[in-house]
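Comments concern the structure below.
Letters are used for the chains, namely A, B, C and D, taken in the order the chains are written, and counting of residues starts over at 1 for each.
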Amino acid sequence: MVELAAQNPVPHPVQNAVGVDIGGTKIAAGVVDHRGEILVQTRRETPASHPSAIADAVADAVAELRTTHVFGPVGVAAAGFVDAARRQVVFAPNLAWRDEPLADHLEARIDAPVVVENDANAAAWAEYRFGGGLDEHGNAVDDLVMLTLGTGLGGGIVTGGVLQRGANGAAAELGHVRAVPGGRACGCGNSGCWEQYVAGNALVRDARDLLRSGDPDGAPLLAAVGGDPKAVSGPVVTRLAQAGDPGCARLLADVGRWLGEAVASFVAMLDPEVVVIGGGVSSAGDLLLGPARVSLAENLSGRTHRKPPPLRTATKGNDAGIIGAADLARV
Amino acid sequence: MVELAAQNPVPHPVQNAVGVDIGGTKIAAGVVDHRGEILVQTRRETPASHPSAIADAVADAVAELRTTHVFGPVGVAAAGFVDAARRQVVFAPNLAWRDEPLADHLEARIDAPVVVENDANAAAWAEYRFGGGLDEHGNAVDDLVMLTLGTGLGGGIVTGGVLQRGANGAAAELGHVRAVPGGRACGCGNSGCWEQYVAGNALVRDARDLLRSGDPDGAPLLAAVGGDPKAVSGPVVTRLAQAGDPGCARLLADVGRWLGEAVASFVAMLDPEVVVIGGGVSSAGDLLLGPARVSLAENLSGRTHRKPPPLRTATKGNDAGIIGAADLARV
Amino acid sequence: MVELAAQNPVPHPVQNAVGVDIGGTKIAAGVVDHRGEILVQTRRETPASHPSAIADAVADAVAELRTTHVFGPVGVAAAGFVDAARRQVVFAPNLAWRDEPLADHLEARIDAPVVVENDANAAAWAEYRFGGGLDEHGNAVDDLVMLTLGTGLGGGIVTGGVLQRGANGAAAELGHVRAVPGGRACGCGNSGCWEQYVAGNALVRDARDLLRSGDPDGAPLLAAVGGDPKAVSGPVVTRLAQAGDPGCARLLADVGRWLGEAVASFVAMLDPEVVVIGGGVSSAGDLLLGPARVSLAENLSGRTHRKPPPLRTATKGNDAGIIGAADLARV
Amino acid sequence: MVELAAQNPVPHPVQNAVGVDIGGTKIAAGVVDHRGEILVQTRRETPASHPSAIADAVADAVAELRTTHVFGPVGVAAAGFVDAARRQVVFAPNLAWRDEPLADHLEARIDAPVVVENDANAAAWAEYRFGGGLDEHGNAVDDLVMLTLGTGLGGGIVTGGVLQRGANGAAAELGHVRAVPGGRACGCGNSGCWEQYVAGNALVRDARDLLRSGDPDGAPLLAAVGGDPKAVSGPVVTRLAQAGDPGCARLLADVGRWLGEAVASFVAMLDPEVVVIGGGVSSAGDLLLGPARVSLAENLSGRTHRKPPPLRTATKGNDAGIIGAADLARV
């Protein structure tokens, strides 16, 4: 168990750490204390050009944080496959990284130890330690699954208090577990991945289908996007649904039903104590989670002698990547 | 992390332990040493009647082992949902147990501490520690998934050297992850579970379909079962396939393809270092695993920038339940 | 086109004919006039024993009708594959017929020409000529698809005013078109047939699943069947749904949604002017057809530039087999 | 039945007719005699601009044919939904037609009666009358289904010697019957259509997936396309498969298996005497049809008491549209 302890060390009790979330359009960095609070935060545009420009931008943001705060290690959350040693980004679908030694490049620019984490894993850790994973007494559960419903579908798994990274750092790609044999083509090279049914892109695609169908239920949404189906976005659908539009509520309920079916499969695999739903789509709240809970109950294996775990909403929002990466960087 | 250590303690280095595997028709018990070797083994019929008769039979078998060997704790592998405390069988599909306090009943009859484990989890642990999970130098990997292809499909997960039991002891029901929406009805109450596509019952069902279809490819198998499709069993199909019958080879290849697709989904979730395939159907060897490896490679998410884990055959066969349960019982 | 005329001749304008509907438990026979009205009807139990006993029972019923009415030919509706010559029952799943020369056997007993038709085809013809297929002016459409939702799912196709029997008399087995690859096992030897999703057996299976799940939505139904899920039947579900029970309404809506998806596929194939829904399950009316219409609209290929055909309820009920068989027998 | 006769009149025994096939890139026109032979043929580029430019180009081609041959009516095959009166193109996915009165526009330019037909329907009629639908004595069967595997999947249905056009002219869109619930997105607005699994686009997509996967089986194909997966086309795959490349043979076999499953569903619906497979992909011959026949046999409903219809290759190739449209235009 010595190796285990090294892999997921007990966080240093008091030290501040920096978390950096590198997204396709912006870099957000913040100083995070031992309670998961962000003490200060700053942002940069994500340079589109060369990987070294990204490293420069991150270093610049961290240097700014240094001017006002004392902190130890730096944790970086990146959308992509991260190696098991938490040093390299093996592959990033939305950035120009292939086997990028990101930690090396950052440590050459920053006077602090750097670890890299997959962004959905970092978000799951943030919710596990400080957010939706806490019970009513503020205590962490031991076993949690988190699904992040952004444009795509990210996943994170904590079991026995340990973040699951897998043998190669590629664990918890829950969005790329297959939902439908022969199903919708996915950017990962497979078809039928859950990401194509449970995420913002699925919501938008279904909404556009509704508008193009000429179904009168789509009329309010069509008006809201000025008659252009391509202008549909997830937030517009959610806003109309929350204002009572039945067509948009049905779109969210459809995604919610798929979500419940996805969770049922993940529960059969991992039996978590709680499932946390985050990402932009989760802002729809019970319009999404109500139907999800029904379909989870209907699709739970062995449902006559067990109860489904609660589906809870994430509480850390867009800060989850920063908080989780910072916390995972502490020794 | 203290709890973690307690949950999956480092096995006592030298102590013998007893493992008991309670199946639907027979009970097998053996003394297992610290290297995973069975020193002596005995069997009993599984009493069909009352749960207490099963406890009596187990106690009788353990008493027999006591006459010749010294051992510490007793681990029991049972087909069913086991509670997180490893004391009760919550539900067993093939035995008359509902919330059965099996450990209490056995400790009242045996002078040794008893722990109960799910049988597929115990088998996974045996392969992880002593069998198919070891690398060429005899070292255990940290992250392993095992699938047991018996009549049904059992699963076991080890990550970071820890057996994953889940929050309620129900983890790793990989056979009941959904493979096909609206798919074949499953005894678990769901439909489309992997168990209905990847296991002995799927092989037998497909074989019977072949025979009833009148396809000439089924002629050798039909002859081998005396003209009665109901007489088909998995071993008959495997034996003919190994003797070169193309019809039976195709049946195994079909199950193998589904198996590869199942593994691809589990790899997306957990990124194990190795996947071990056990259970009676795995005796078909490369007739099953060859097609499985092809379909795993074809269905692996992100397959342009990663390699599939090796599929290895389990080496402990029917003893895996005894060995794993014994080893998990040691403190 | 001479053959065509012979195959589906214009019915004799005034002659009465007899229709006989041979079901698994009873035989119903009636004299049908040229307007599709049943002038008199009689019944017999279906003998379970030998095929000749069935022929005897049919002959006996027809003899009784002879005592009061004058009629020409006799048409027999049978559940099974009927040959293209309309003389033999090639295969009947629920009766002991294999290549049964039913027309020969009946003509040896009855002094009238006999033709045999598949029961779902006969029902489709009755609705096409005299029932749900008529427009608001009482005129027949040219192109109609009928689905009969009994225990199983029967189909019938009329195109250009011609009943489609296929090259071997086996056309319009719409219940055995595949809905789900790898789907639910079907008695026809295939898996995933529409019959397993859109018919009484699907409704009953889903209802039992609901009751076994312990879902509180199933409580009223569980009470209505005395606590025994096996006692559930389609009519009980429909009755409760019509009385306002939301759990039973949801069960019907689920079947309705599958129904709409099935119709969408059949419309892509055949582009009928109207689709008629009959059989016992259709008595649920808009509880079934409302959700079916929504899912038909959502799943119609090319839905931006075409309208779905109307879904109409059959009007001839259990008499459709008698009426259609009689009408098809007239020259 | 008078209407029926008018709808599908017996072709004039001796008169020549012109067939015009309007594709996305070229217009082909020919004079077709009563035996289905093309006496002379000419071509034009398809004008991309205004619909009237297409009409001008067709008229120009027909005028050229007039200079050397005598003929009666003109039949036009167009890729799109054609109205039941055979005068308008309601919708064409690849051309700028919406409710285009094509027959009117052509009759204003050509001194001959014009009828418009869907191109896949015209091809089916050509094969039914003069090609793959003829039996070994050169006689037409009564009931035929044709699938055209081009880039997409076209369908045509002949029953009782009558081409099935449907109530609105939209019949036989067999490529848009649903194969997979929740399946691949289709240009028709639906998902999971057979066209996404059985046609040239499916073959190309699978081939590109193979190349991107790095599977060594793809090496010969990758070399053949100069290392660029985007350069893959169906003919390249077929050529390599015919030269013995196992990777390309497997790609064709995969499409063939889906094809057999599609045919099994269409046989359940229509019970045709023969199924004809045409379009560019069908040039692969038994590399495609061999696996298709196996999967048809395995997926045929009621396969214990019936035989699958033969799958035959179309014989009219790219001329089928011209020949069928011409023949359907004759009175």
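A few points about this structure:
Following the convention adopted for this analysis, contacts are C-beta pairs under 8 Å (C-beta built on N, C-alpha and C of every residue); 3 or more make two chains touch, one makes a residue touch a chain.
Note that the structure is predicted; figures quoted are calculated from it, not measured.
Comparing mean CA positions across the assembly, the chain most remote from chain A is C.
Two chain pairs are in question, B-D and A-B; the one with more C-beta pairs in contact is A-B. In whole angstrom, the spacing between the mean C-alpha positions of chain A and chain B is 33.
Rounded to whole angstrom units, the spacing between the C-alpha centres of chain A and chain D is 46.
Centroids built from CA atoms put chain D at 51 Å from chain B. Shown for chain C are the residues that touch two or more other chains, namely 179-182, 189, 212-213, 303-304. Per the touch definition, chain C reaches chain A in the complex via residues 181-182, 212-215, 297-298, 303-304.
The touching residues of chain A, counted against chain B in their complex, run 1, 3-5, 7-8, 10, 81, 90-91, 98, 141-143, 155, 157, 159-162, 164-174, 176-181, 186, 188-190, 193, 261, 264-266, 268-273, 299-306, 309. Listing the residues of chain D that touch chain A in their complex gives 179-185, 189, 191-192, 197, 205, 209, 212-213.
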